[in-house]
Structure formats: C-alpha cells, structure tokens
Amino acid sequence: MIQLENITKRFGQLTVLDDISFAIENGGTFAVLGPNGSGKTTILKIILGMVLPQKGEVMVHDNRVLKTWNYRKEISYLPQIARFPDNLTVNELIRMIKDLRNMPSREEELIELLGLGKFLDKKLGNLSGGTRQKVNIVLTFMFDSPILILDEPTAGLDPVSLIRLKDLIEKEKAAGKIILITTHILSLVESLADEIIFLLEGNIHFRGSLEELAEKTGEKDLEHSIASLLE
Amino acid sequence: MILKVLKYSFSDLIRSRWSYVYLAFYLVLGFVLLFLNDNLSKAVITLMNIVVVLTPMIGTIFGIMYFYNSREFTELLLAQPIRRRTIFLGQYLGVSLSLSLSLVLGLGIPFILYGITQSSQIWDFATLLISGTFLTFIFTGLSIFIGLLNSNKIKGFGYAILMWLFFAVIYDGIFLISLVVFDDYPLDKFTLFASFFNPIDLSRIMILLKLDISALLGYTGALFQKFFGTGQGLIVAFTMLLLWVAGPMFLLVKKSSKKDF
Amino acid sequence: MRLTIVSILLFLLVQVGHTSTWNICSTCPMQTLEEAILKAAPLDTVRVQKGIYTCSDLELRKPITLIGEEGAVLDGLGTGYVLKILSDSVSISGFKIINSGRSYTKDFAAIYTYRANYFTLSNLEIVDPFFGILLEKSKNGTVINNLIYGVSKREADSGNGIHLWHCKNVFVENNEVYGLRDGIYLEFVDDSQVIENYTHNNLRYGLHFMFSNRDEYVDNVFENNGAGVAVMFSKFIVMKENRFTHNWGTASYGLLLKEIYDAEVIDNAFTENTIGIFIDGSTRINYTGNLFEQNGWAIKVSGGCYTNKFYENNFIGNSFDISYNSKMNDNSFNGNYWSDYTGYDLDKDGIGDVPYRPVKLFSYIVNNTPETIILLRSLFVDIINFSEKVSPVFTPDDLIDNQPSIMSF
C-alpha cells in the first residue's frame, strides 16, 4: 500500500502540490489525471523518492520511505521519456538493470511479446522513440514488483504494442498489484482504471471510480467529464 | 553496489570516443615531447606545465559533460533500489578513474618505452602523474557538483569553465598582485596559506619540490626553508590535496541528497 | 715544477754523496720523532713505523723527508701545531695526524709551513684539525693526495682544510676536504694550480680565492658546500672542467665572482645549485662550454659587469636562466643552447630563427618580492612572461641571444 500525508512541493515560487494526502490500500489501477503542469509526474516521483517534498510523509507498506532507498525494490517505474545511456546496447541495459536489482526476471518473454529480438545488440542511441519505449516497457515489467508506476506508458507506441501493453497491465492488475498510471489516452483510462485521481491547482480535485466521476459531473463519457472538472 | 555503478559508468565512458581522444592526445603528446627533446628532464618540465593546466580543464569539462549527458542513466538508477550517494559517488569515481587512466597510460606508455624507469627522473615523473590524478579527481568532483547545482546545461557549463579559469589563472593573478602590493609586510605565512586554497597551486608546488628545489631554497624565510627543505612540504601538500579531493565529494553527496530529479 | 724539485734534490744528492734513513718504532733503538730529527743530517729520510707518536709543535729546520708507514699516527695532544716546516725541501707523507690544537687567537694547523720552498705534502690523513695544512709565504711546493676532514658546525670556531697565504707556484692536487670552513683557501697566491680536488660539505666555500692572480683550477668537484667556489678581487684566473653541484641554500651558489677581471670559465658543469654563478662587478670574462642544469638561477648578474661573453653554454632545466637586477646590460649572450627556447629553425642551420630572451619578467618580480617564487611555472606567470617577452618593460631589452642553438653542445 501507498500513503501520502500532507505532501507539499514547491519548485521555487511555484507550488505544485499543496498539502496533498491520499492512500491506496488495495491493488488496482489508479489513473492520475490532470491538466499539464498539475503535478502528476511530481507525485509519482515523490513516491519514488526522486523528488523530495518540502513537507509531508510518504509511506509504502506502512514504512516511512522518504530519504530511504531499499523500498524501491517493491516498485517498478516507467519514466515519461524513454532516455537511456546512448552507448549501451539493449541487451547490456537489460543485463545491467538485472544486475543492479538482483531479482528474478522474465525479460525473454517480454522481448518476444514486443518483438524486440532483432534490436538486442543495437545501441540505444540508434533506436527509434517507439522502440526505446518498448525497451522501457520490458525494463518495467520484467520484475515481479508489487507496485508499478507508469508515467505516460503509451508514448510513441504502435497500436499493436498498445494492445500488448494493455494486456500486460491487465495481467498485473489481476495479480493484485498497485498500478499508478498517468496518461493522455483517455480510452486507456476508461478500459483500465479502477479509480481516478484528478489533480488541479495543486490539490486532489476528485478521487473516485469512473462511475462516481460520471455521477458527479453528469456527463456520459470521460472526455466530457474531465472537461467539466476543469471548468 | 557502488562498484556496480562505477563499473557501468566506467564502461560507458571508456566506450565513448572522447576517452580515446584524450588517451590518444596524451600518447601523442608523450611521444612528441620525447621525440623533440633529447633529454628526459626537459620533457618532464614541459609536461608539468601542460599537466597542471590541462588535467583540471579536462576533468572539469568531462565532469560537467558527463553529468549532463548521463541524466538518463542517472534517472534510471534513481528509480532503482540504490542509495543516491552510491549513484553519484559511483559516477564520479567512474569519470575520474577513466580520465586518470587515460592520463597514466597515455603518458606512462611513451615514457616507459623511453626508459624512464631506469632514469633518475622517475620520481619527478611519478609526482607528475600523481598530481595529475589528484587534479583530475578534484576538478571532476567540483564540476559534477556545479552540475548538480545548475539544471541549466549552458549555465552549468559556463560556471564550470569559469571555476577552472579561476583556479588556473585568476587566483594566481590575484595572489601575485597581492604579494607584490603588500611587499613590505612579512608574507611567508600568507604565501603558504594562500597556496593551500588552490589545488592547482598545490600540485604545482608538489612538482616544484622535485624540479625546482634549488630555486625554492634560495628564499630566506625560515618558514619556507622548513616547508621546502624538509619532507614537510611534500607531506602538507599531499594532505591538502587529499582534503581537496574529499571536499567536493562531501559537497556532492550533500547536494545530491537534496536535489529533485 | 716537480721537475725542478727533483733536479735540485739530485743536485744536492750529488753534493752530499749519500744520505741515511732513520727508522722509528716502539721497539727500535730510536723511538721518538724529535730524536730522529735532531740526529738526522739534512736530506736524510726518517721512516716512522706503525704506532701512535706524540708530536706537538715539532719544528723542522732542515731539509728532510718524513715518511709515515701504514698505521703511523702523529698525535698533537690538542695543544698547538703538530708539524712546523721552517726549512726548504721538506717532504712529509703517509701520516695520519690527530689532535692538532684549536685556538681563537692563533691559526693552529696540523701542518704549517713558513717561508719554506720546495716542499711536498702527500698522502696525509688529517683528522678534525683547526687548520689542516697552512702554508705561509712558501713557494714551489706540492700538496697532493691528502684527506682532511672535520666535524665543524660553526664558521667562527673552524679553520680551513688547505690554506695558502702569500704563496707562489704551489700545486694542490687530488686532495679531499670536508667538514671544515673553507675546503681550500688562497689569499695572495699567484701562479698556482688547484687540480682534481674534491671538497664537499664544508661550511663556507669549497674553494676560496682572495687577491690572487694567474691561478688556475681544473677538474675539481665542489659539492654540498655552503657555496662552491668564491673568487674575489683576483685577475687572470682560469676555471676549467670543474663540477659544482648541490650548493643549496639562501644566497648559496656554485661560483661567486666578485671584482674579477680577465678570467676564463670554461667547460664547467653547474648542476642543482641555488645559484649557478653569481657575478658581482666582474669584467672581461669569457664563459664558454659550461653546462647549467637544474639550478635555481643559472646565472645571477648583479651590477657593474662589463664586456663579459657567454657563448656555447648549455642552459637546461633551470628555474631561471639569467637574472639581472637592472635594465642595463653590457654583456653578450650569443650562440648558447637554452632548453626553454621555443623558436624554430626553418633554414636548418642549427641556429634558431627567433632570438631568445633569457631574462624573464618573473625573475625580476622574484628579485623584488622573493615570496612570489611559489608561483613559479604557473600559467599566470607564463602569461606575464610572454607579454614581457613581446615588449620588455622591466628587463634589459638588449639582452638577447640572437643565435640560440637548436641542439645542446
């Protein structure tokens, strides 16, 4: 489980998160939504410990985790932009992450699934954006972590891979994991999300299921619901 | 874990073209110097002038470049169960070691082939390599620290170059001018003290103690005599350089633990 | 010169017909030196066998040869002189001499000569004397193969190893002197030679000339003395093939020339001295074929030096090649090899196409503010040296080597 207590984060003068608290007790898919610059990525990075809040506490499995590092074993992270050291090959990168994590992994299966086989010995610097995103996905899903944090996982993916990704997420969800996801693809949210966390002006403007959102806004589809949240 | 991080940034670096350019530069420099100068001691002196200025510069540029270019790698690592300190120290050591290796191999090979090991210059040469390695570590650390302070690449790069320029030229300029201006006061304490605060001066002095001891002993002050005439000078310079290595490392760890990525 | 001595001895031999040899030892009929010398006829030989013999203020007033065999020791008992030579044609060799006297008022010496000519002092070992060998108003003598050493700590209460005063035609060869004040000292000594000596670790100078003319010193080694050699107020001195090394310290130098005229400094090697040559008020001196390597200052010129010529010398790895304390220059530096020279030789004639300027601005700064020495070889100093090279303001602008050699000599 993940718990955020009174998190405040400012970048200079700009308050991105203003005293935010929420808890995720059970497994499921949680979509973090909000307009650009509303702090979606910041929240994810705070959970990962990459961004440090001015105030507040983060708990993972009931432990305070700010400024600690070992809890990241429990988390797999898919960063927003797939950037890797240019000089490494795909294979080396995968081996390196395995070496650093030192956990059982299932990369072959994923490589097969996403059709990355022929790129294994290519340098990451020479890969296209979409292929790099696939590598990103392999790295994220190859470990069996109880928490998955996916920041715009669909960026640059072709439709086939998008379907594969959905399947992957579904499977993880079925395994009872906590999946935090930000995305602009609302269809993905509609088909995957158990709950929506909507950020606006540094606060959680709405939290609840898709049905609750529809109820609250009185709109039929997600697109319009969100638009009305922003009004 | 730090060794793993070190291993990966090191292997990343020794794969990059620039490490080879750097290594090749020193190899060429070494061979050319030995070819042009028929005697070793002259080559060592010329080399000293180059090493004392160049290693800090290369350390600075590589440090800051590596820091900005390996952001992806850093972010990747930050999401892994690794301590921040480990990540940055590992990368810092990776850069410093690969640069030092280029220096030591690049100069070592030509001079060993030339027979430095059988020559009386071996200690001068060793001091040179040790100083160069110190300077590489110090300036790599300082420039990575500057990188941590500045998210803006252009700014960071500018500050790093300015930092190098400051230690390489400006500091000595101010130092020299103040010595000349305050000529009427006893200056030996100030002189020694002021040179401790510039690692380039410290390594230069370490080499002077080998190459120019004859001139250094010409100075009348008792403090200088003690500093240069006994082993004390070398020990103090060495200790100060170690502190200079530790300082940026400490700052680096401190700053990295507070930074957002 | 030795030939003359031999011919005179031969002449005397023929005159006297024959000479006798007297043996001294603890079991011999004759047991003391005094007795032997009293009984010996002029030109006799006294052989001293192994043993320690008391010998204090013993005066030799007739031509005589004293030979110490292996293990023969003369003990001066620390009271005064050990042997005083007051006659011509005395030869002393082979002794170890200990306990010669020490005084603040008198110049006690292990061996002292006064108005003695045609003497030979050889193969002596003189241990911790006040003065080792003191020659006064003596001519045509030889001091050869001696070892003289002490453990002097202060200049005031120590004397010189070999000290010549008002002498002429003396030959000082292959002696080793250490741990005294001056290794070899010459005052008012003319036409003499100092050859192949080794003086080291003396408090003041390895070799010291005062008011002496037409002398030469060749192939000596001066190492680790307070200063190597001082030549003062002298004319026509030839200095050749000597080695000056490791004379370190404040105002320490390999060679000091003060008020010297018409001298030659040829083929010497100056290595690792604080100052290689310190020149003060010296005129018409030729410096050629010398090597200056890794000195603090190869040559330091201090006022009043005219028409000195420096050519075909090697300047290698010195902290400063030439240092001047004024903007005036009347000396020429042409055709030397300078390791700091960075010019080129496009016409391949072995001579650099760009003149070399051996006086650096930084040496001027160090002269004025000695502490700045700590900035030696720094980039900033290189920069200001360069700007001074382009347009000289503080250093003599006519001090240029117009024909710097590309290769060392």
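As written, the chain order gives the labels A, B and C, with residue 1 at the start of each chain.
Following the convention adopted for this analysis, a contact is a pair of C-beta atoms (placed from the backbone, for glycine too) under 8 Å apart; a residue touches a chain by one contact, two chains touch by 3 or more.
On a predicted model such as this, the values are computed, not experimentally measured, just so you know.
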{"item": "Chain at maximum distance from chain A, centres defined as averaged CA atoms", "value": "C"}
{"item": "Innermost chain, where centres are averages of C-alpha coordinates", "value": "B"}
{"item": "Centroid distance [mean C-alpha coordinates] between chain B and chain A, Å", "value": "42"}
{"item": "Centroid spacing, where centroids are CA-atom means, of chain A and chain C in whole angstrom", "value": "88"}
{"item": "Touching two or more other chains - residues of chain A", "value": "none"}
{"item": "In the complex with chain B, residue positions of chain A that touch it", "value": "11, 45, 48-52, 67, 69-73, 75, 77, 79, 83-85, 87-88, 96-97, 99-101"}
{"item": "Touching residues (chain side chain B, partner chain C) in the complex", "value": "37-39, 41-42, 45, 48-49, 52-53, 168-169, 172-173, 175-176, 179-180, 183, 187-188, 190-192, 195, 200-201, 204-205, 207-208, 211-221, 224-225"}
{"item": "Complex contact set, residues of chain C against chain B", "value": "248-252, 272-275, 293-297, 316-317, 319-320, 339, 365, 368-384, 407-408"}
{"item": "Chain A-facing residues of chain B, complex", "value": "1, 4-5, 8, 12, 15-16, 70-73, 75-84, 257-261"}
